[in-house]
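Note that the chains take the letters A, B, C, D, E, F, G and H in the order they are written out, and that residue 1 is the start of every chain.
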């Protein structure tokens, strides 16, 4: 039991990213409203970002901006002191991608709305069938 | 200059896209020539790379001058040199064919259209050339976003279908990204070959297995592998015809390439075929994909939509062929990437011509087409024969290898599925030909010299020339299959499969 | 050599009817001449080989002229000339539509036939086989009406379905087993293959080449008779069905090899299938009223003679089968031409309506009579020779039941042909259905059919080239194995 | 659909959970992810690029190629929104409203009506009446220059503190969006026209890619900023630093232009007359 | 990495996410989605990813919520779920 | 259709004017921006200063007219200092009323204490800026929120209870008027 | 001192959670807006706390500043939506 | 240490303001009245906390710390500018949308 609890606590980030991912996925699959789906899509993407950033964490390390300057003596930088910057870089890209996707998706949603005057998928499909 | 080819391949169209975009605002007339120049030069470069690879083996290029595990690098080997050539060729040919319908359907948006077009091809080229797992994701998104926009440009349901594509495409891309993340968390690297080097001791870890699973699911989603194909038919059907003839031949094929690359280079064949032993399962999935794709195609009454289901079935060919896990199957799968790209291009271009003239591709608009659009229909026949697998069109040869692979691997289900889908394609296409040929019933029967009939009403020459280039390409590629296999694909076959 | 493949799509460009037909003649004549020019070489016992392109290792697009192929090509190309002439008459007589398309695909189909005749390996054969299937489709469905459509469907379903469903996998399996597809005298399949697999393969091939109309897969042939008569004549008497049979001959000899078949008794099995087809087809033919359907069933029966001949696995039988290709071709084409001529002249299709037609169209019906004789196998007709060899072959192979089959079927043939002739000539003029205005068909129709009838007769008296070729072919097949 | 969704979600979740158990411990400095590639970035960033912010140096230099495409993604999105939504101006004539500046009277011109008003005294207003809230307007007027300056600062100081081209670009774009939200879309359009914002994004990405091509032209590899040392009076390391700055400026421009562009398209549904 | 805060904010993030999905009003969902991105920004900051946090802050606060609202403005707030 | 809209120069409403650009405006903006830049940057090497000059110039080029709606005069500077003098008082007021609202929100029987009401009054402040300052000061002071200010400088203020609202407009307006030189 | 900051930040986190209640369950959109706006302010402060806990405040100040500047754009946009569309409730099914 | 005390005091008071604001946000009966604590007490609270932090980090009194202290104050300035405006925007929207203010005796909303 204790092990189980410690497992939960230790990997809390990972559990949460899975939870968020599932929320997003559920919204994308099961929600009826297109904008809701877009919200779900963004949550989904954020979950992946959360995962990546979690992989970069180092306990007891500081942010990946090297302390330097006149007051700090020039000494070899120890990598263990700084958080892994690589996931951050990757996730910057991922955030940008998610914003871009968001923009495009919303534009398409507007287009859809002005064709069918509805954002509800079932209503739209009904209209299509009725046509 | 030749050592910069792998970079130029992507950079030239990328730069051109900026100029096209700017030209769209300042001098719209220059958009099309710029796009042609961009993709043309990219085609030349990709052929150059292919030549380099054939003569001197794989080429690699360090972006920014940083060595591989730290920087991003491009690596062109036998496998992707071929795919690169295909992608740029298809992009180029289709671009030429796109012009008349762009000018007809959305003349005022030609600038952004060509921009996105070129960017789409750029994304695909980059995906094929890159040797970095994350870079692939970014390029994937470029191709995806441009794809969404281009597809949503169509009429009717296009926007809704495109939105669905956005959702499923995003899920797919995120799964891919997550899979790369799983690999990163246990290896610490993003470079494909570096990962492959670090992975073997970790084969037992569940993380690798799950990474593999989600990567595959992501890639399958993107390529429209059967149970995950839901977005594909609608998206490709309602897209404007120059777009569907761009996206349909390329997107799925490149994703198949990505799958092969992932299994081959990242996870290595040993893992996929020996540790996981997934091949049986996947081949059966492919069998289902082929059969279902064919059956669903039977139910359609719209040529374009029917073609999209054929694409679904063809994806099954390639996936199944690859997962057969033997040399013939692998050769067949890679060859089919090439052939299917050309075949689908040919068919979609032909349908594009029909849509251009008739405004629609449903069966109601087909009657009498053999008389009014003989050239288009002729090319359609060539493409159809290729899909059916009639020699000497190239479709036969990849099917040949796939069948051979199925027999070598003792996988008769796959064999039967292939034959079944060929038969179904016969039915499918000959239904179309019948309609185009027979209806309206005997309308011109008995007229003076039989040549009276309705006047010929063909698509513009700008669309016919690329179409026939493709159609002839089908036969040429078919005849040179031996060369292609012997010089290129043979070297790409991983050692274990030999 | 390559020019023989020179398909003549130049036809497409010609809009003028006369120029177009001149082209057709030119191409046909040219082709015939080329083939004829190769004849001496072949008769000397040499082979001409030409590799167009090596597509895959072991799979090349390769042409080879040997005796068997020569025989077939000779028949096909010579008949093309005649048929072209006939088509012109027929098409103009009925004022058909889309003649350009018609001639174009006609030429294409013939080229495919010649290609199949000269193909050096299974792959090339398959290629031309498929090409032929698709080239004949527009010909079969030339009328573009509902019936043509239906039979076109049937045609494709049978032909393409079997070729993709059976031949293709069989081919791949053969390739898998042996690594090559080249025909060779004693077959290329390794001897070590398991008999069951071989049997399965054999039947896949046998039924796969559905153009041969072996019994369960024969239904397309009567259906395809909706085509214009020259098409039925040439393609269904000569090109298409003969390609099917020819392919089976090739398979039996070139892929399996006679001794392999003999050692496994597979030949006998094939022979019995063929025999069954012969009898049943002849019986069905007896019940037919429509002229062309009758001829179609007759064809089905006759084709199986050829298969039977080959399946007997004896030199004489083989030779008989080969010669029968030629004999049957000339005989049957005459019959078809006659049917067509009658149709052009009177518009009648049914046998029951043809009472007394001999009075009005004496030349046509005389030719019909000669053709019928040839098919039945009564001496002045060329068919007698081939049947003779078949019988000898059956004797040689000690297959008395098959001998019986041949004889019985000949009787049946007689039973369905003679009444027609009888009714055409030997009825009183008061009973005739035809007014006086009906006379012979146009000269373009009549001349060819007279010519083929004469050739058919001539072949009885001077069959030497064909016999020589058949002899050579058999020698090539058995000579090597005989050692 | 709901149950199907739940089933799929459950399945995927189960798969992911099963893998998570085998992950290296969370936050472990000894995990492979922290040991294989990244140490070099941290240890060498100052020596090799003279940029203390490891994220920036990795983003713009070590993996600069990724970033170029990231910017291209944004550019794509901009073009995509334009392509999807923009309505050509000629289809527009519809009811318009003008307000007299001095009296505040608003009047409406019917569809198709043509009238020439002295524009100094009349201003066009949105068809849906919005209160002229000068409190918000005034405060935003004061804020916007500061936001812009801050955005530029963020771009320029990406080397030493968090931030960089992308963040700065977004902030710059947000300042224009703020103008639009607080005043009206028309004001924002007057300040930064459609053409300008649409040209900003390709030009920005072109600065990035052009830098790379410049390096290529100077005989180095693509995006190898060392090449700039041949043009600038600095050593190769500082050249990298300057190269990164140049690239960041390009990113900032592209992002700013694109964000504004997308916003305008979304907010006015491609009509560019009025909107949120 | 401040784990106590981390746990707290992670929990909040989940609440925000669920809220954004469940609210029967698209404008509300858009606003809550803004809150979601605030939380995410905090999370990145807690985990030491300052650049990511900065990006999320500027994007979430300045751009993506506005995009959402603009889209909702041109469509509808109505939603059935 | 066309309305006879004779301009009435007397009714000058500054906030409807577009900003005018003049050299002094650019200069002032530039100086202000440069100061903020130095505050933000904290780096004094020539490179960063040059960047700062560049950025400030850019911002002042693009947005100077947003910051100053008219040409810069001595009055503007006076106003600025007047405003600075007003701030401490405002802070004190905010603190006072914040404590009041804090008391309210912690009070167990809060519902009985509060008594929301909407106050309306007409301000005598003339300039735009002064009105904005006034409105924001009202809002910043807990317990009162400016709902709207209309064309005729009518203020509507929502007050949480009587105590919060009773001081309005009162002293605050006076002080603002003094600070902005409108006394 | 760090522990104190940590406590403060946790306390603030708790307050964020309470504000979130308003954000999620607020009866009208306006209530949600208030809730989220309040969260925004708290987030700014929390960012500063995180900076203090990392002892790298100068790095976090920029983020907080950006936040303070940009936070209200979303609120303004939402308010503008309401001003233009007039109506707190749209009929929901 | 005195400075620590000042800091702690600032922070504690700031937190109390925040707590009050949040509590008010939850407890007050309607939208208009909720704005009072939420919009304004938070502003006050953040002012105090930022002030406290600025003082705290001023310790090694160097140019950079002074500057970052000033930056913190800059945040305060912006918050003081932005917060009332946001509040005003919200309340204006609500008022124009036709939401009636709560009167004494009405039920809670």
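What we mean here is this: contacts are C-beta pairs under 8 Å (C-beta built on N, C-alpha and C of every residue); 3 or more make two chains touch, one makes a residue touch a chain.
Fair warning: this is a prediction, and the values are worked out from it, not measured in the lab.
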{"item": "For chain E and chain H, chains touching each", "value": "D, G"}
{"item": "Per Cα centroids, the chain farthest from chain G", "value": "C"}
{"item": "Which of A-D and D-E has more C-beta pairs touching across its chains", "value": "A-D"}
{"item": "Mean-CA-position distance for chain E and chain A (Å)", "value": "10"}
{"item": "For chain B paired with chain G, centre-to-centre distance based on mean C-alpha positions, whole Å", "value": "47"}
{"item": "Intercentroid distance (Cα basis), chain F paired with chain D, Å", "value": "30"}
{"item": "Residues of chain F whose C-beta touches two or more other chains", "value": "36, 40, 42, 135-136, 146, 148"}
{"item": "Multi-chain contact residues (two or more partners), chain C", "value": "none"}
{"item": "Two or more partner chains touched - positions in chain G", "value": "33, 35, 54, 58-59, 62-63, 65-66, 69-71, 73, 76-78, 80-81, 83-85"}
{"item": "Complex contacts: residues of chain H adjacent to chain D", "value": "78, 81-82, 85, 88-89, 92, 96"}
{"item": "Residues of chain D touching chain A in the complex", "value": "1-2, 4-6, 8-9, 12-13, 16-17, 20-21, 23, 25-29, 31, 33-34, 37-39, 41-43, 45-46, 52-55, 58-59, 63, 66-67, 70-71, 73-74, 76-78, 80-81, 84-85, 160-162, 166, 262, 265-266, 269"}
{"item": "Partner chain H, residues of chain G touching it in the complex", "value": "1, 4-5, 8, 11-12, 15, 18-19, 21-22, 27-28, 30-31, 33-35, 37-38, 41-42, 44-45, 48-49, 52, 57-58, 61-62, 64-65, 68-69, 71-72, 75-76, 78-83, 86-88"}
{"item": "Residue ranges of chain B touching chain A (in the complex, touch as defined)", "value": "134, 138, 141, 144-145, 148-149, 152, 157, 159-160, 162-163, 166-167, 170-171, 174, 177-178, 181, 184-185, 190"}
{"item": "Chain E residues within the chain G interface of the complex", "value": "2, 4-5, 8-9, 11-12, 15-16, 19, 23-25, 27-28, 30-32, 34-35, 38-39, 41-42, 45-46, 48, 50, 53-54, 57-58, 61-62, 65-66, 69-70, 72-73, 76-80"}
